[in-house]
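Right, one structure below, let's go through it.
First chain written, first letter: the chains are A, B and C, and each begins at residue 1.
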Amino acid sequence: MEILMEKDLICTQEWEKDDLDRVLELAFQMKQDRFGKKYLNILHRKQFFMFFYNPSVRTRQSFEAAATELGAHAQFLEPKAMRLKTAKSAGETVEDAAKVMDRYAAGLGIRMLEDKIGAYGEGDDLLREYARWARMPVISMAHDKFHPCQGLADVMGWIEWLSSAGKLKTGRLATKFDPDALKGKKLLLTWAAGALCRSWCSVQEGALIASRYGMDVTIASPDGYNLDPKVIGEVKMNCQSNGGKFETVHEPEAGYKGAHVVYARNWMSPEAYQNGELKKAEEIEKAIKIKGWTCNAKRMAKTDNGIYTHPMPIDRGAEVTDDVASGSNSCIYDVAENRLHAQKAVMAATMGGFLD
Amino acid sequence: MEILMEKDLICTQEWEKDDLDRVLELAFQMKQDRFGKKYLNILHRKQFFMFFYNPSVRTRQSFEAAATELGAHAQFLEPKAMRLKTAKSAGETVEDAAKVMDRYAAGLGIRMLEDKIGAYGEGDDLLREYARWARMPVISMAHDKFHPCQGLADVMGWIEWLSSAGKLKTGRLATKFDPDALKGKKLLLTWAAGALCRSWCSVQEGALIASRYGMDVTIASPDGYNLDPKVIGEVKMNCQSNGGKFETVHEPEAGYKGAHVVYARNWMSPEAYQNGELKKAEEIEKAIKIKGWTCNAKRMAKTDNGIYTHPMPIDRGAEVTDDVASGSNSCIYDVAENRLHAQKAVMAATMGGFLD
Amino acid sequence: MEILMEKDLICTQEWEKDDLDRVLELAFQMKQDRFGKKYLNILHRKQFFMFFYNPSVRTRQSFEAAATELGAHAQFLEPKAMRLKTAKSAGETVEDAAKVMDRYAAGLGIRMLEDKIGAYGEGDDLLREYARWARMPVISMAHDKFHPCQGLADVMGWIEWLSSAGKLKTGRLATKFDPDALKGKKLLLTWAAGALCRSWCSVQEGALIASRYGMDVTIASPDGYNLDPKVIGEVKMNCQSNGGKFETVHEPEAGYKGAHVVYARNWMSPEAYQNGELKKAEEIEKAIKIKGWTCNAKRMAKTDNGIYTHPMPIDRGAEVTDDVASGSNSCIYDVAENRLHAQKAVMAATMGGFLD
């Protein structure tokens, strides 16, 4: 266990498992007692700066609500309306910006996706540059490589559904954190059809944290749609350390058998970035030619009563059929809600020292 | 009377008269005790999401202030900077968006005016689509058809001026709600000159709520500037039910005689939408040719010591002369202030269950 | 001393020296007890409207944080997304806008810089027009002529470093306001290289308030880069009244000798505005030809152990070398932090009546 006050959260992989457990346990407690007195003033009158290099619905809404519910104020800041350095354009040094913001705020969230960078990894670099100079915690609100709060919300939702006190067994979401609930359960993380050229951040984070919690991980994708090999290497290592199996398959139906969680989502190919630019049009053109990668009821029937998960927004009809996305085994709204609770727990821990 | 918690407010016409009375009475009380302890934490730490498809000054300022004064936080959300469906463009389904937002927020305000829709009524449809899927109340912050909070603020201001304890009688605004204060009083709602191609929402809402409170309603407009016939039909029915007279006139001076409230404002013609588009330039060109529809002191002199009302911003010199707009019988700033109090009352009732 | 409740702050020059003292003393106290109970609810549930005609990082962040820390809510309002009059475009009258906002808010901040106006002074005029009609205080958040909160933060930082209990003497920032700490100390305010075409507001405010606090003022600039002669006239008068010396020099090294505070910053020439427009490209072209105006260690060595100050963001390498900006005598981050404390004190005094 570490001191969590002022600890950055750029990827869950960089946190000790014990600390992820503590944060998730707090998130479960906060969900049961949402406006409880003991949480209401953890960050009373403090500031949380949110840099939205990219727009967002859920991330904005859930972080801003999380700040409010802890007594803080979240400032919605759009760097394009400021004079801040991006991965692509000059401006004040990050050192100067970060050192001043440290004087005003208790935490800094940054969202920076594909189209705001020139090559995969540059968003991650910028977050780490802020983290280098800022004393306050830097929290990823989704960037090109990782999406740690989504990963925490995913695991939280899967536990609510799959644990022995969970929805599949009892008809109601589990109310207590069970760190072993996902051990030996199988996650199918599968590429899905669609012309959205989606980021790797959520799926990479999902595979990483699932493997930390002892899940077997199967990644299914068409040829040419591998994720970051370094990240996938870490997923493999996590599986080995925690007794999980890891495999990759390249047929759309191959991974469903025995799955407990099906995570079907579109993502871009490694060729998306070329010559310092995101080639979105080309990526979309390529993706729409790939057929047969929609998650549907027939495929879900092969799973072990598996649940359907997705970080939303869902591209219905392409990534997944409506009957699955809105079906009785879909945990999507619960996972979305958990963004709020997981983020409150992260903020209470890193900005308020609540777990130290 | 109905349970008001989680009740939508898309048009006052859809609320029972008793419930409008209860909300207005609360608004009067809140105005007298603006930062009173009993109101200060009705929505403590809750979220109010504001979707501004269209920009605004007063609506933004008054809703955001109303949320603050009740202890809540209003999120200023611009759908263009998000990835939300509009009447004109695709995006996540409203069902998915609404079901997630329900997990984060206690209420949802939506503003969607003419230029964001393809045909009259589409904004209203979108609000109802959100209301269909969201458990939390959907509150119109002005849309193509209605503007319920403006209507409440109008009636509140007119009562403050016209009741037996009101400003015209006592020199001071009435401090108590009198539901009968407007009975038998005459409202002249008149089209006014100007090249602003203004929405129907405020004037339609004004006519509807005035007729609920027993006013006689005269609508004056040049040929070709009728409002929505369905809405005007409801105004007539309201007048019949409540003992008020209803008439339409088409001469600029015809309606002033005996009026107690003069509401002079520009609005667009029914031809403004063509082929799925707002033809603003054509509307403006047409409107500037129509002369003689400015409210002035000479016309006001024909009224029964009538007050001048307008939801602002006023197009001074076109809709009304300066001496009337800034004159001793102008209630415009009081009505504008009442937006705050009426909205606080609506939010306390629908988001906090304060009147249940 | 005056009643400070509802007093505008457009330039420190318009405030009595006693009142500046009171506000600075409060700012020092607030810095020592940042979340102290006695300050936490001075503006509880009140609104502060911020009109950002121009974008900003620090000003936005520090004002929004200041409001939060006093219990208020700051509304971030972009006039371009509203329908408000600017110096260049029509809209609702300022009288109407101000009179309504008075009903909603406890204070109004306005930021309006060079590119939003047609001629120097028009931004100042618009602020005064708002101040004319609004009962609530109008606070400049930087405009074409002045930047009073920057001036207060500057003086506060210089006192923290230069007073007998200050950092240069004791190694720690002074924690108490000493109104005489700057008496007889020399400020070098020098033009600095760079292609940023910067506003006069900060440097003019700095010279004005420095001379109120008894400093000697040397202004150094290349030929053709004089500041507003009316403002410089006031600086001279202040120096005379307070026993300070005033001089102007036109060589880059001439002013350093004996300086206690070096304020090196780029600014535009008086020719920047032509025919109702800011000629930014021409200004930049002109400025980049002027060599030798970078503040560096060799020059700082000529001072009397002088400190380096700048309102940020700094154009490192042009205005000042990295070793000076990040050196042991640089007060830039402390001054930036003081924006928060000075603004809290101003808001508490003018919006909350805390000093009356």
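By definition in this document, contacts are C-beta pairs under 8 Å (C-beta built on N, C-alpha and C of every residue); 3 or more make two chains touch, one makes a residue touch a chain.
None of the values given here were measured: they were computed from a predicted structure.
Visitor: Which other chains touch chain A while also touching chain B?
Guide: C
Visitor: Give a one-word verdict, same or different, on whether chain B and chain C use largely identical residue numbers at their interface, taking over half shared as same.
Guide: Mostly different residues form this interface, as fewer than half of the numbers used are common to both chains.
Visitor: If you average the CA atoms of chain B and of chain C, how many Å lie between those two points?
Guide: Measuring from centre to centre gives 42 Å for this pair.
Visitor: Hunt down the residues of chain C that sit against at least two other chains at once, touch-wise.
Guide: In chain C, the residues touching two or more other chains are 73, 76.
Visitor: For chain B, which residues are in contact with chain C within the complex?
Guide: Spelled out, the residues of chain B in touch with chain C are 35, 40, 55-58, 60-62, 64-65, 68-69, 71, 73, 76, 78, 312-314, 316, 332-333, 336-337, 340.
Visitor: So in the complex, which bits of chain B are touching chain A?
Guide: 44-47, 49, 72-73, 75-77, 81-84, 91-93, 96-97, 99-101, 103-105
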